[in-house]
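I'd like to ask you about the structure that follows.
As written, the chains take the letters A, B and C, and residue 1 is the first residue of each chain.
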Amino acid sequence: MKIESRLLLAIGVFFGIITICYWFTSYEDGGTLMLIGATSLGFVPGAYYFFWYRRFHGHKYFFWGRTNRVVGTRPEDRSDATIADGAGVISSFPGSSVWPITLAAGAFVLLLAFVFGTWLALIGVSLILVALVGVTAESRRGGRY
Amino acid sequence: MTDVIVPQIVGGEPAYAVHEEHGPTGLMKWITTTDHKVIGLSYMITSIVLFYVAGLLALGIRVQLTTPHGTFISFQQYNELFTMHGSIMMYLFAGPFAFGGLANYIVPLQIGAPDMAFPRLNALSYWLYLGGSIMMLLTFGVAGGAADFGWVAYAPLSTTTYTPGIGADLWIMALVLTGFSAIFTGVNLITTIFYLRAPGMTMFRMPIFTWNMLVTGILILIAFPVLTAALVLLFADRHFGAKIYAVTGCHTVTGAVDVHACGSAVLWQNLFWFFGHPEVYILALPFFGIVTEILPVFSKKPVFGYKGMVFATMSIAALSTGVWAHHMFTTGTVLLPFFSLMSLLIAVPTGIKFFNWIGTMWRGQLVYTTPMLMSIGFLLAFLMGGVTGVMLASPPIDFFVHTTYFVVAHFHQVLFGTAVFAGFAGLYYWYPKMFGRMLNDRLGKLHFWLMFVGFWVTYIPMYVLGLSGMPRRVASYPTGLGWRMWNDVSTVGSFMIAVSFLILLVNLWVSWRYPVPAGDNPWDGHTLEWFTTSPPPHHNYTHLPVIRSERPTWDYNHPDAPNIPIHGDRGGGTHPNGHGPYGNGNGTGSPGHGDGASGAAEEVPAT
Amino acid sequence: MRRAQPSTSWHALDLRLRISAAVWLVSQIVDQSPSGSPSVASAPGPAPAPTSSSPQPARHRPRWLVALVVTAGGLLLAGCNLPTFGAHRAISTQGQDSMKLWQGFFITGVTILVIVFALIMWAVFRYRRRSEAIPRQFQYHTLIEIIYTAIPIVIVLILFGFTFVTENNVDALPKPKISVTVTGFQWGWRFHYTTKHVTVIGVELQDPEMVLPENETVRIYLESHDVIHGFYVPALIFSRYAQPGIINKFTLNLHTLGTFRGQCTQFCGLYHSLMRFRLKVVTPAQFAAWVSAHQSTGPEASISNAEKTALARSTGHATPTTTTGGAGS
């Protein structure tokens, strides 16, 4: 997690600097706003990863507090890890699912509605709703293998 | 099997032979799949089909330009043709082929993951992409024809006053769909790389291709939301009367400008290029990654300067987001020195990459298979495209070649170099892994040489044309300027490229009809994907080797030839003299083998 | 760890010496060219560059740095004598500045292209597989990596320096003697001579002609009536967008008589390819005569839609007709 968080934080710092340079050399607001967006794109997930990196090593919030559940460095971050260190449940991967294509078809029809007529939106929105309900139910069931 | 095998556990069950037989079959299987390999292949097939479509459009453009007052197609058709050629190539082929197709297929394999982190999201992004592609192609069939404002859709030309047709609306919606698809894929790639690496696969042991895809994913997240937002605003301008880009009703003939009464045409350019320039690197970085995978394998050496390569990738990505206005130098509204310097600076990390690629080949044992030839083709093509790119980064030079054929030649050299040379290098390289059978090398080489010659014949004349003042996107040009000859040469070249891609089709047919089994590791590959079977099983790995460097499969197969720094001066007793690459000593051969061997084979994990 | 830091050792010292020797040699060769070729008569040509007379070992600066500066500087200063590498001869002083920069960039670019190309080709041919032996698995060399990071940075900074200077020259706005407002519209041009009551309009195949005097400071105000157009005369070595809502200003100091073709470069709709015009540079006396011949006493001309449509209809004629001169005629 360390390198991941630093990578993202570095993006934030880089764009922070660029934003400041850009603003004070141009006073142009459009580009500055986009650069601020990019800055936060670095800082927000970077802070999230940094938070978990610290917590894995026993710090409750960034630099404050202690937690007893120390995970330590993950096997994928340890240069000496063996494959056996990673044994166990990695994650749950859903099997085949019909909902992605349903959702995409809904989005497709919904966007067509903007071009060809509002009535299409009815079909699009209902497809999207069905897909959202379906995918939620599927996730609760744990997916069909 | 051997002593390095430890079964991975996925979803509470062993990874091998997972449940494939229980799922749906046939068409339903494809429609409901969440397997990254199937999705990746779907992505690749779709994008290659679209590549052929856009290539045909390009041939139409070239035929129109063979004569000065071309009458092959009308002006309107010509404008639609180059718009759709650019749109399909940029939005629907180059990007999706790389980060939707190859990355989707290869990245989980390279880091030893069973699948992408969000398999259903992955499927969703493919279907959105397919929907967007269909919508884009639909525009040919609607009244008023396809969009005809160029792939950059500069406002106010793209507002309803000047482009009223619904082809333009469909074009916008198609890009909204593919934009979301790209964003989802970006999220998926980043999460997969952050969370699903195999034990021991630290960040600095990931193959360069995976690294580049990580950086590309981040770039996608920076760039694509801006495009989607800009497109939504454009649509609002077109149909809801928002005056964001529109300038109707605020003529400036008298010189009086009421800035509050009209939108800003430059805003579109700012937004578009804030997406557009990172997009160029979204299209380039994955292909850099492909080449960085192929060159070491066929040089039988590790990639030279691995860490430098990673940091070069990051610097390119970082700088690429600060250079958008170098497409806008001639608007007279941007800060020239800032963008000029940033653009020029990109040459530095790109140069590092180049020298690292050369260093990778240096003193290797180069084997010229088709992927290797394609990669060298990429090096040469991109080299020239890069150098002319440095020229364009200088505003005074950009002023006089901007929007001429010089720029067309430049970005075709860059994009053809990356998306086509390197992209199809990747196809030739990973095809055995994907299908378990080889592509014919002889046909592949024929494909390469025709394409390589055709490439130079097509694009070098465009530089000449651009410098002598031929603007881009013209459907006809006057006689008497000497342009006809160069245009004809260029057209001949484009047909050579077209023929070379027919050879690719033949090659695919041959491999389908007369399969030559590939085996798991036909190239003596370095990275993890060559460790599993071809094609890989469901959830990719039944077992994994121990990972001690960025090329675990090589370490496993060649325990006596680990990576070493150039002097061989770690590991103690090696005499440093004569080991440098330019040194005068006997640096080749055995001295490197013994020293510093401490990695791959030392650990014998539990059975 | 396997990829421990390689030591920044001095074993590649001989390499460094070789590189500096080679660069010094290049600087020697380059040094010949500026002094060897005569400077042109038109501009007060640059005297054989003072920098180029000092390839002697510079005090403590690294030699390659000196050589690079000398190379780039010498080439840029020698600009006037060089071919234009495919572009037009510049007809304005601003264009000449850009041309010098272009020549400098072109030579630098080709040099780099050739060097890297040679390196690739050397690797490709020299290191073909000759045996089944596994080559040495070397991976890092800090010194070389630093060198090929540093040299491009230096080159880029030099290029940027020249760019910066040229850019300021090209974009400078001295007080003009003549002002012309150029308006682009779908698909033609309107040239309005602000103080002289002369307006020239032309669309599609009726290329309008912009007449300008030589050796005068001309200010162009560039704007657009509808979409974005590109004002581009190849011989000016310059182009600029004509945009709605924005007025772009630039200066021309023309010094070559003749008629030069110009064209819209920014794609602007259906007849973009036909949106051409001509730039005619005449002597100041001829210009005065032209102005008085075309002067209009009526109100300021503006483009009415009817006029536009009428002009657009007339595009069927194959031969480009002469300029529609004079407002409201």
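The rule is short, and it goes like this: contacts are C-beta pairs under 8 Å (C-beta built on N, C-alpha and C of every residue); 3 or more make two chains touch, one makes a residue touch a chain.
Keep in mind that this is a model prediction, so the values were computed, not measured.
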{"item": "Shared interface partners, meaning chains that touch chain B and chain C", "value": "none"}
{"item": "Two chains sharing the most contacts, counting C-beta pairs only", "value": "B-C"}
{"item": "Rounded Å distance, chain B centre to chain C centre (Cα mean)", "value": "30"}
{"item": "Chain centre separation (chain A, chain C; CA means) in Å", "value": "45"}
{"item": "Distance between chain centroids, defined by C-alpha means - chain A, chain B (Å)", "value": "23"}
{"item": "Two or more partner chains touched - positions in chain B", "value": "548"}
{"item": "Residues within chain A bordering two or more other chains", "value": "79"}
{"item": "Chain C residues within the chain B interface of the complex", "value": "2-4, 6-7, 9, 11-12, 14-15, 18, 85-88, 95, 97-98, 101-102, 105-106, 109-110, 112-113, 116-117, 119-120, 123-124, 127-141, 144-145, 148-149, 152-153, 156, 159-160, 163-164, 166-167, 170-171, 181, 183, 186, 190, 221-228, 230, 232, 234, 236-241, 243-250, 261, 263-274, 276, 300, 302-303"}
{"item": "Residue ranges of chain B touching chain A (in the complex, touch as defined)", "value": "4, 6-12, 18-19, 22-24, 29, 31-34, 114-115, 117, 119-121, 123-124, 126-128, 130-131, 134-135, 166, 169-170, 173, 176-177, 180, 194-205, 218, 221-222, 225-226, 235, 239, 267, 270-271, 274, 314, 318, 321-322, 324-325, 335, 338, 539, 543-548, 603, 605-606"}
{"item": "Contacting residues of chain B [partner chain C, same complex]", "value": "75-76, 79, 148-150, 154, 156-157, 161-162, 247, 250-255, 257, 259, 262-266, 299-308, 330-333, 336-337, 340-341, 344-345, 347-348, 351-352, 354-356, 358-359, 361-368, 376, 379-380, 383-384, 387-388, 390-391, 394-397, 399-400, 402-404, 463-464, 467-469, 471-478, 481, 548-549, 558, 561-570, 576-577, 579-584, 587-589, 591-593, 596, 598-599"}
{"item": "Contact footprint of chain B on chain A as seen in their complex", "value": "3-4, 7-8, 10-11, 14-15, 18, 21-22, 25-26, 28, 30-31, 34-35, 37-38, 41, 49, 75-101, 103-105, 107-108, 111-112, 114-116, 135, 145"}
